[in-house]
Amino acid sequence: MTSQGSHSITRRGALAGLTAGTAALAMPALVRAQGETIRIGFPTPLTGPFAAEAKDQVKSAELAVKLVNDKGGIAGRKVELLVRDDKLNAGEAATRTLELIEKDKVHAIVGALSSAVQLAVNEVTRARSVIYVSISQSDTINEVKDFSRFTFHEALNPHMTTAAVAKHTFKQGSKVAYLVADYAYGHEMLRGFKRAQAALGATSVGEILHPFGAADYSTFMPRLRSMRPDILCICNFGRDQANAIKQAVDFGMNRQSKIVVPVLLHNQRLAIGPEAFEGVIGGANYYWGLEETIPSAKAFNDAFKAANSGAYPTDYGAYGFTGVYSLLLAMEKAGGTDTDKVIAALEALKYDAAKGPQHYRKCDHQSVQSVLVLESKKKAEMKNEADLFKVLASEPASEEILRSCSELGFPA
Amino acid sequence: MSASTSSIAAGMPGQAGQRGWRARLVAWRVPLSILALCLLPWLLPSKALAVNVLVYGLVAVGYNLLFGYTGLLSFGHAAFFGAGAYATGIAIGQFGVPWFAAVLLGIAVGGALAFVIGLLSIRTRGIYFSMVTLALSQLVYYTALQASSWTGGENGLRGFTVAKLDIFGWSIDFLDPVKKYYVLMVFAAAALWLVSRILNSPFGAVIEAIRENETRARACGYDVERSKLISFTLSGLICALAGTLSALHLAIVPLDILHYQTSGMIVMMTLLGGAGSFFGPFVGALAFLLMEDVVSLWTSHWQIVVGTVFILFVLFLPKGVWGTLLAWRAGR
Amino acid sequence: MKAPLLSVDNIGRRFGAFVALEGITASFEPNKVTAIIGPNGAGKSTFFNLLSGVLAPSAGAIRFKGRDITGTPQHRFAHLGIARSYQITNIFPELSVHENVRVAAQAFRSRYDIWRDRTGMTELDDKADAALAAVGLTGKRGETAKFLAHGQQRALEIAIALVAAPELLLLDEPTAGMGPEETKEMVALLERLAAERTILLVEHKMKMILGLSDRILVLHHGRLIADGSPQHIQADPEVRRVYLGQSDGYA
Amino acid sequence: MDAELIAMQLFSGVALGAILIMVALGLSIIFGMLGVVNFAHGALFMVGAYAGLWVASLTGSFWWGLLIAPLAIGAFGMLIERVLIRPLYKRSVDDPLLLTFGLGYVLVEAVRIVFGSDGIPFSTPPELAGVADLGIGFFPIYRLFVVGVVAIILLLLWLGLEKTKFGLIVRAGAKDPQIMRVLGIDIAKVWLLVFGLGIGLTALGGVLAAPMRNVNPEMGSLVLAEAFVVTVIGGMGSLVGAVVAGLLVGVAISMTALFAPEMATIVMFALMALVLLVRPQGLFGKPGRA
């Protein structure tokens, strides 16, 4: 059952067409669930530059809910997903989260796509003792200052992503130049890369901070060129990343250096085209091509394609699935929605939703998981529209690529 | 009529000569608005939305003092709204200041910023005034983005949740949405009283005169720049109060609060409701937020509807919802 | 000769390279009507703007009641006792006729007070009513100013100036755009006003000027080319030369 | 820091300035003539880019997009002037500003509905791909082409303003609208054409920018801010001002990018605030307007 399915509580839904199909499937007649419906709030930016990612997240999250409901729900209770548009705005997200908690009386929240929105939701849920599974990248949320015992971070964090990407791209003696967005997320990625760089014996030939949200990077290019790096590491996200890569290629930087980014996005690559991204290497939480080696990925792809007329799931979309999946699995183990029991179950959980084994680390509730390192394919090498990346490596789930608990400020 | 006066801002006639129902409405406007605010949480779909209407209604009321009554189109009021919110959040989160003092501090900081930006921008007129306020408020935005050790930068300010309010020995559960609403409403009501007070005062007559005809007001012996600066600062103070309420309500301060798009939203709300009328801004904030809420029910493209409605208002109903109602009632 | 109410000493005004007014020296006795004439672009408006503080002179000094007021901000002029009307009607269009005058009166009572009620100051109502009575607008008291006839708006503007109880009244083409009937009424009003205060006016209607003024100043190309009684000016050959071909000037 | 790098940086600044000039010109022309501050300018820049993309994909050639899109969007601009803005001339300067602010909202969302919110690839036309060696460093050929186009447009504008009757009318009208009334010129028609011209210029800017910056519905919002900054610094309504300020801002950003890169955006606004405080009418503006 989804938010579109019932009436008063579910007014603000996602796109009707998007959810109507699953809603009909999810309500077989006469299967009356015992007890109160389990309601999961799902704030995501349906409007704004990441609307495509958000819609993928909604589809994936609905799939996770449907799979559970098809099996009869959790302890006989149906699960309902309440999708809300956070507009990629932290204030809006906080308001929607308050509504979900106060008015819709949700049992847990899953979602958020930007660091700021995630921290806002975290702040609201922490004060009200509501479980929150965060699916947006950030190092901040792991640190003790923002830690909430009710919050679980299912997404990768910049530290682990950069560690994995560096491990497979930086070499002894590599000269690395950094172009970094001047805000928390950019700084976190730079910090991660530089730590890995020191361990791998690479050197930095220069770092340039660029203003967050810049459209033109041409003025940074002469200096980057003059640094003569082997690797140009572009630490930004979304549109910033797309523009920076495109303009670096325009300036011929890709002939001189390998372009490396912390995170490669499926939809961003679609929006910019294969030429600019050709040969660019970056990390990812998920890529559908994982199905060749991982059975759970195959199962997820198949179910997703079946529910969405053959469309492939994307990286940020998959977070919607893994995030909701892990929460529902824990609720099942806890036999319901009792907050303390669900927290205990999440802390003890071992799960394989779509990308191999994962578990939440006890101290900071970070999901320990594999990190993919992808390379963007040439147009000629693409077998179909969705065949965007080559999987260079899958860095296995390990606490080694995380910052230690004591480093994050947690008592030993 | 002086060129800097917006015909939208000049939508409402002065107050001194009002008769009958109109005069009674003016006399009772503060109690009436407080009554409406008391009922609000029970009429809207959620308490969080009610607090939003309260906060944005208050920002629009503050903005209206400058735009609707003084005739100055500022595009930088997000700066004062945001400054109030940040100052309150930082005071509570980083210095452990008691909540009530933090509210006062937020108002003071926002008001001080308004005074400084006012001082710099008042010298320019018309379009240039709008541009200077826009430029200076964007400077504030970028400063907040850079000063991330204070403001949290792009991640927003966090870590100052007020869970309980202690007032004269009482302890109020501030996480309870209804109690929270009524506590915040007390501040909004005080601000409404203040605005009504200003509009009823001799100074209220002065700013209306400036809106109507700046040249004439100056020839009459009014120090126009000084009066504008006072109006600008008072307007900023009220927006700052709205900011502190927003901070207490959400327990975060998003960086977007300072962006010029927020200023634009404040302008839109004020205009939708009716610039230069007392109830207009609240009606506008309510209409805007409800429209967003209702339209996003059936399409994620709510902006096209909001934008179109706004264009139609500028073209055909420049007096806004409330102003048009009043004019219609007055039989013009 | 009585002590002058107003005197200007060699004042001038430049706008960049353009000299709008230069080397004007004159003094004005109390309770006299002085007209300032000259072809378009002669500098009449600039002269008025200097006398009312809209512009500061770029050279010379202005004295009012013996005090140097050069460079005083414009809004202080009303408080010194100098009030003016404008060539293009300049009122508060959306306010009622009474409010127009009342708010002008308020400038001498309260300007920044936010704690009192504006309606509480009843003496302002009386002052405003008196000013309206003086210009014959008592019957239009409650009307919105922008709906008045043109002549009535001009009269209202004079009421706004009068309520300041000015010792010096500067009137910039008070009959501009008026028909003969309205002009006649305005002249009658000005004659009444002239009895008890000093008036400077810019006008084009010569017949009216000759009947009303005690003295005439003629400006041309930013300079004072003649200064004297109406008879004297009429006879001045220089003035005749300047106005030659400008028949509308004498109309 | 070697001299070559600084020379290269200066050149990047000038090239960036060329793009800034392109968007600021239209804004400035419209303000100078009509007294309208067009808040939808950035959105129309974006619409221009999408129109260029659409025409290019239909015809299979970037050049058709470059030619047709600005003309079509210019005509669309005239429609906007005729239907939405003309009724507001009787009112104050604030009203068109507010209306175009709302129009910007509508245009962005309309594009999201038609083309999706993701953005669409727009590759550099193959004839102009690659980099050129300038002696002091390498620079994309496409960006050199953009500088060339902007130079040609400026030349054409200058010729149009100085050598044609329409130009004479426009110049006279910008100085004093009363004159046109006296001369018996149909102001409404002139304003319509000027608005169309201004919008056509920003649309051309959009098409030119597309191969450099990608096409997405939000691409206009930063451009709007940049155009404001340049116009205000140069003096609203002054074409010379727009050109000088465009280059000035371009070089300022580029030099900041060299020495304090994270300040490259803030420097723009700081420059604007400074100019407004010291000389509110801008470097080449007429004092009366401020």
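Quick notes on this structure:
Going in written order, the chains are labelled A, B, C and D, and every chain counts its residues from 1.
Assume a residue touches a chain if its C-beta (ideal position, glycine included) is under 8 Å from a C-beta of that chain, and two chains touch if they have at least 3 such contacts.
Computed from a prediction, not measured in an experiment: that's the story for all the values here.
Counted as hops between touching chains, the shortest connection from chain C to chain D is 2. With centres computed as the average of Cα coordinates, no chain lies farther from chain D than C. A separation of 33 Å divides the Cα centre of chain B from that of chain D.
Centre-to-centre, using mean CA coordinates, chain A is 74 Å away from chain C.
Computed centre separation for the pair chain A/chain B is 37 angstrom, with centres defined by C-alpha atoms.
Averaged Cα coordinates give chain B a centre that lies 41 Å from the centre of chain C.
Residue numbers of chain A whose C-beta contacts span two or more other chains: 47, 51, 182. Within chain C, no positions touching two or more other chains are listed.
Shared contact sites, meaning residues of chain D that touch two or more other chains, fall at 112, 262, 265-266.
Chains touching one another form the pairs A-B, A-D, B-C, B-D. Contact residues on chain C toward chain B in their complex (touch as defined above): 52, 73-79, 83-84, 86, 90-96, 98-99, 102-104, 106-119, 121, 142, 144, 160-161, 164. Residues of chain B touching chain D in their complex: 3-10, 73, 120, 123-128, 130-132, 134-136, 138-139, 142-143, 146, 260, 264, 267-268, 271, 301, 303-304, 306-308, 310-311, 314-315, 318.
Residues 45-49, 52, 145-146, 148, 152-156, 158-159, 161, 163, 175, 177, 246, 250-252, 254-257, 293, 296-303 of chain B touch chain A in their complex.
Within the complex, the chain D residues that touch chain B are 31, 35, 37, 84, 87-88, 91-95, 97-99, 101-106, 108-110, 112-113, 225, 228-229, 232, 236, 262, 265-266, 269-270, 272-273, 276-277, 280-281, 289-290. Chain B meets chain C in the complex at residues 1, 10, 12-14, 16-17, 197-198, 200-206, 208-209, 212-213, 215-224, 226-227, 230, 234.
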